[in-house]
Amino acid sequence: MKVACLTGGGDCPGLNAVIRGLVRTIHNAGGETIGLLEGWRGAIEGNFVQLNPMETDEILPMGGTILGSSRTNPYKDESLVEQVVKTFNELELDCLVAIGGDDTLGVASKLYSDHNLPTIGCPKTIDNDLSSTDFTFGFDTCLNTVMDAVDKLRTTAESHRRVIVVEVMGRHAGWITCFSGIACSADAIMVPEQEVDLNAVCELLKKRRENGKKYGIVMVSEGAVLKGEDLTTKDAELDEFGHVKLGGVGSRVAKMIEKKTGIETRDVTLGHLQRGGSPSAYDRVLGTRLGIHAGRLALNKDFGKMVALNGLHIVGVPLAEAVGTMRTLYPEFLDEASEFLR
Amino acid sequence: MKVACLTGGGDCPGLNAVIRGLVRTIHNAGGETIGLLEGWRGAIEGNFVQLNPMETDEILPMGGTILGSSRTNPYKDESLVEQVVKTFNELELDCLVAIGGDDTLGVASKLYSDHNLPTIGCPKTIDNDLSSTDFTFGFDTCLNTVMDAVDKLRTTAESHRRVIVVEVMGRHAGWITCFSGIACSADAIMVPEQEVDLNAVCELLKKRRENGKKYGIVMVSEGAVLKGEDLTTKDAELDEFGHVKLGGVGSRVAKMIEKKTGIETRDVTLGHLQRGGSPSAYDRVLGTRLGIHAGRLALNKDFGKMVALNGLHIVGVPLAEAVGTMRTLYPEFLDEASEFLR
Amino acid sequence: MKVACLTGGGDCPGLNAVIRGLVRTIHNAGGETIGLLEGWRGAIEGNFVQLNPMETDEILPMGGTILGSSRTNPYKDESLVEQVVKTFNELELDCLVAIGGDDTLGVASKLYSDHNLPTIGCPKTIDNDLSSTDFTFGFDTCLNTVMDAVDKLRTTAESHRRVIVVEVMGRHAGWITCFSGIACSADAIMVPEQEVDLNAVCELLKKRRENGKKYGIVMVSEGAVLKGEDLTTKDAELDEFGHVKLGGVGSRVAKMIEKKTGIETRDVTLGHLQRGGSPSAYDRVLGTRLGIHAGRLALNKDFGKMVALNGLHIVGVPLAEAVGTMRTLYPEFLDEASEFLR
Amino acid sequence: MKVACLTGGGDCPGLNAVIRGLVRTIHNAGGETIGLLEGWRGAIEGNFVQLNPMETDEILPMGGTILGSSRTNPYKDESLVEQVVKTFNELELDCLVAIGGDDTLGVASKLYSDHNLPTIGCPKTIDNDLSSTDFTFGFDTCLNTVMDAVDKLRTTAESHRRVIVVEVMGRHAGWITCFSGIACSADAIMVPEQEVDLNAVCELLKKRRENGKKYGIVMVSEGAVLKGEDLTTKDAELDEFGHVKLGGVGSRVAKMIEKKTGIETRDVTLGHLQRGGSPSAYDRVLGTRLGIHAGRLALNKDFGKMVALNGLHIVGVPLAEAVGTMRTLYPEFLDEASEFLR
């Protein structure tokens, strides 16, 4: 059996774990795996590398993806889709495993439903905002990166009796913000799912200061919305994908807090730091398991499916159902977090 | 409402997260929490400290337990049980939350069923070997500790073309060994649940060396059993709890491997390192959530229950059912791991 | 003997190590140490805490300063200086140890020369830009913080074939930028001491890309100056100290690089992250040794001195000479770094 | 110019930094570098790899050595030395840079003095026990590894009110033990340079316990000697180099402490963990600078020299003088450490 895999969209710790699991599983069954380079661009241009299990066995601790990535989407132009099909046939592939976010999986789903290409998906979103799976890989590593950063910021905040506003990823969903807010004993958590009452946050910060707590930590999603004031669209620029460019939310919140409370407030934007680094143990295990099961789905010719985590088990779910269903933060987590935010 | 909590048995990263979650939740509802010191010994002797939410808010990043721990078991002697009941009444407690392993929870369960004491349990086992809950806190931190250690050992193994045998915790169950084996791209994983075929392991190490892989990593549980030879009882001593003292399994396996393969082999026992350190993000969140829900069970007078993780949710399960049910490693994990062990 | 200590100016990992070393040394000689709070403000207002060696023994791993800090300078107003002298007498101090940067040490020096107050200094500058001492504590921890961050950024840069510009501390001197540039295998290092030839940097980035290196790392000091264009004063704001507010240098450089090379370029500002966190082994040892020797100078009544590192030894140097001598990066380091920048 | 390099003896974090610095510097001057494999064995057998600067640029964060290592010593047999000279001529080398400890440098020195081979040395000893240089690379990374391990052990020791004995490297010199003892706020430091008074240590542990400090940390060198009892030769075995095999010192000290004090005492041997892992910032910079200057010595045909650190500068010192001069711990460090050990 000859399988191809690709990694599309933003990078994420754990991608290499998935690739490694897939390559080893196919190899054990006597097959071979190739890696298309830079996401769907490789599928369009027929750019690939042979993936040798002895070499891929070494990539487990590596962040990022050895295949590179891009946001190229063949469905922008029907001729590009034809090229993908052509590549598929020329390379005599029996299966294509697409590891990526909603866009990448959407392409894999359409290729299956419209062109009968034997595709399999593996979900990737560092924001953990995909339905059909309990956790996505990369999320845990990201939380630890944020936590380590805030552990460092805490000492400097405390020494200077300051409030520090930490801006983290979370365009549409607050999973990273809420979970890291809990892990970082934040005084306030501002997520896209909930309008922020900045006055209430300022009151709490002042009250805690009066009670003796000399510093404060405020976690803010990129996509947070302030009651009566849309933080995200203020001074909006367009980014490289044509989306409203987020940024500066943390900075704006910090200025507002300092103004309202009189407490020295600084901000830090963790940015690209959150996507990088060696995957945590959780993500190495999850990525590996997903790769192994993607390989097993391929060997069983169980196409049009996506591997997902359900409790402790890895299962296969129909690609079409999984795609396009964004999952916002469950209210129960905000409710639990709220015990520390009053 | 006046709640007492205690931490019994071996320590574990995340204990302080549980205490913190409990204290804050009880405080938010107008109640108070005290901490009994050093496990059940504090309940017997009436030794406690007042737990102030502002202070406990700061303990989240701290490993270990601020209350100390011991393996004291009041059920060794009926008079000790009477003292526990006496302490309970003298301190006018409305509830006692016991955070601990099987022994600690067993005592809490009996106090509830036999003496009607309003107890609540929170499971603690770094080995992740308890039924009724998907994951226990401390397990993730431990996996990362092992993983970081093996990431360091890999570079020295590779430079010297050696095999390194890593002995990790796992007296009866191989959760730590198997999951860290996957996370560390081990060449062999030796767990108590499965008799080890040492000859097969040696063949694999030699074959991989011939194919160009210059080093090897072998993960071994304390409680691993070698086909035809019980590694654990060889040269057995008794430890402080009257159990057969495990130890030297890694060392014995290393000698056998070197003898059979001719490859230079060293061993490392991670020991107490695995119990220590600041909890990972996963454990800070899980510990906090368990503490919050233990508090909520107490406020709802929902006694004789234990908090547990089920998928993404924290639930309450009857203490009596949870106690005494040890959970060995699921075969599916060994099956997945096996893709890399052939 | 009764000694007081204070920590002034920006915080820095290792401050607690110095305090701990001082307290223990004075205690061993039968004396006592108090800690003035929040830098010179505590000396003005007479705000202090008793420092107990058993408690301070535990602060070694803690970043920041348990005494808090401020940029209060008593020499702004002669009446404030009088209050410092008054506090000194009321508290019956035999010595005051000032741990801080140039401003803090300058005050200590003047109090000694103008008012005969028995002061001793311990230099603190995370930028390592002080003469009279080989290395200052906090510098090593900061380098490791930057290095860890860039190790994470490297994986995401490589996956996306990008250049990442990292803005780090260094208002007047490029020690942090140059040393971290070396430790992070940067492709370009932009320090205040050397006008940056951005065209040359862009040519190098393009050349390396053509030769197969898919990503780039550029380290930039806050205070870097671009040939023909002063990066620092562009869009200048005033910060809380009345200085020209630096910021956005990294962002501006990133935009220029992307424009000139056509390579996708992103920027990250590490900001306050660099001041925080648990001190490295080097800084725990250096801070401890400096604290011990500051204590010994005090016990020997060797006032008006500052402790400093000379090779492997801690020595005492006259405060007056040490103050006001800023040390820019030695050309030899830029020369060594240049081997990797062509 | 054609240069060869090799890494001999035990591995150490920073070796790859040296190789990288050398390769890049020779390349910049129009030369080429090859790497002999596995220490002097490669020089005997003529086994080598071409070292390409673009590839070696990526090895900076990697622990260990990409060239492998061995303890092979050509001077065991004159015919082997002839083969080294033969390899040198066949490969048309202009210079050989030997990176290693005393044995490796000794060979390089003899080849220079006896056979006129143009050799250059770079000192490597993780124990930091070499004269002629202030610090050796790998030492700092090792201290941080020990420190991180003890930071983890501290939480578990405190929770269980125990003393933990940590056995670390240091066969003849106590640099690692003393410096990590300071960095880890140890209660006792047992180094080879100073006979240990175990009774005094036990008294101190008991006194501190009575004063409220619930745990203890004891750092012990492999080569520590107990007054009246030689810990090292007790139950001695021979190791792979024919030396008395050290080991179990920590375990023996732990048993003695528990017996004499009645305090529960455990031991941990960090072993091979100390040699591994990604080099710290300090070691990446030092290794890089040493490699660059070794390259410059070669380009200047300044043979029979060894690069060394003197204060902040890298200098060249005659190989013959540097070899064979082991440097034990300076008394000043034990004196400073003693402030915390009484």
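Letters A, B, C and D mark the chains as written, and numbering starts fresh at 1 in each.
In this text, a contact is a pair of C-beta atoms (placed from the backbone, for glycine too) under 8 Å apart; a residue touches a chain by one contact, two chains touch by 3 or more.
This is a predicted model, so every value here is computed, not measured.
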item: Labels of chains that are neighbours to subunit A and to subunit B; value: none
item: Centroid distance [mean C-alpha coordinates] between subunit D and subunit C, Å; value: 29
item: Whole-Å separation of chain centres (CA-atom averages), subunit B against subunit D; value: 35
item: Subunit B-subunit C separation of Cα centroids, rounded to whole Å; value: 41
item: Touching two or more other chains - residue numbers and ranges from subunit D; value: 151, 278
item: Interchain pairs in contact, sorted by label; value: A-B, A-C, B-D, C-D
item: Contacting residues of subunit B [partner subunit A, same complex]; value: 21, 24-25, 28, 54, 57-58, 60-61, 134, 140, 143-144, 146-147, 151, 179-180, 182-183, 185, 211-213, 278, 280-282, 284-285, 288-289, 292-293, 310-314, 330, 332, 336, 339-340, 342
item: Parts of subunit C lying in touch with subunit A, wherever the complex brings them together; value: 7, 11, 13, 15, 38, 62-65, 68-70, 145, 149, 151-161, 164, 214, 240, 264, 266, 268-269, 271-273, 275-278
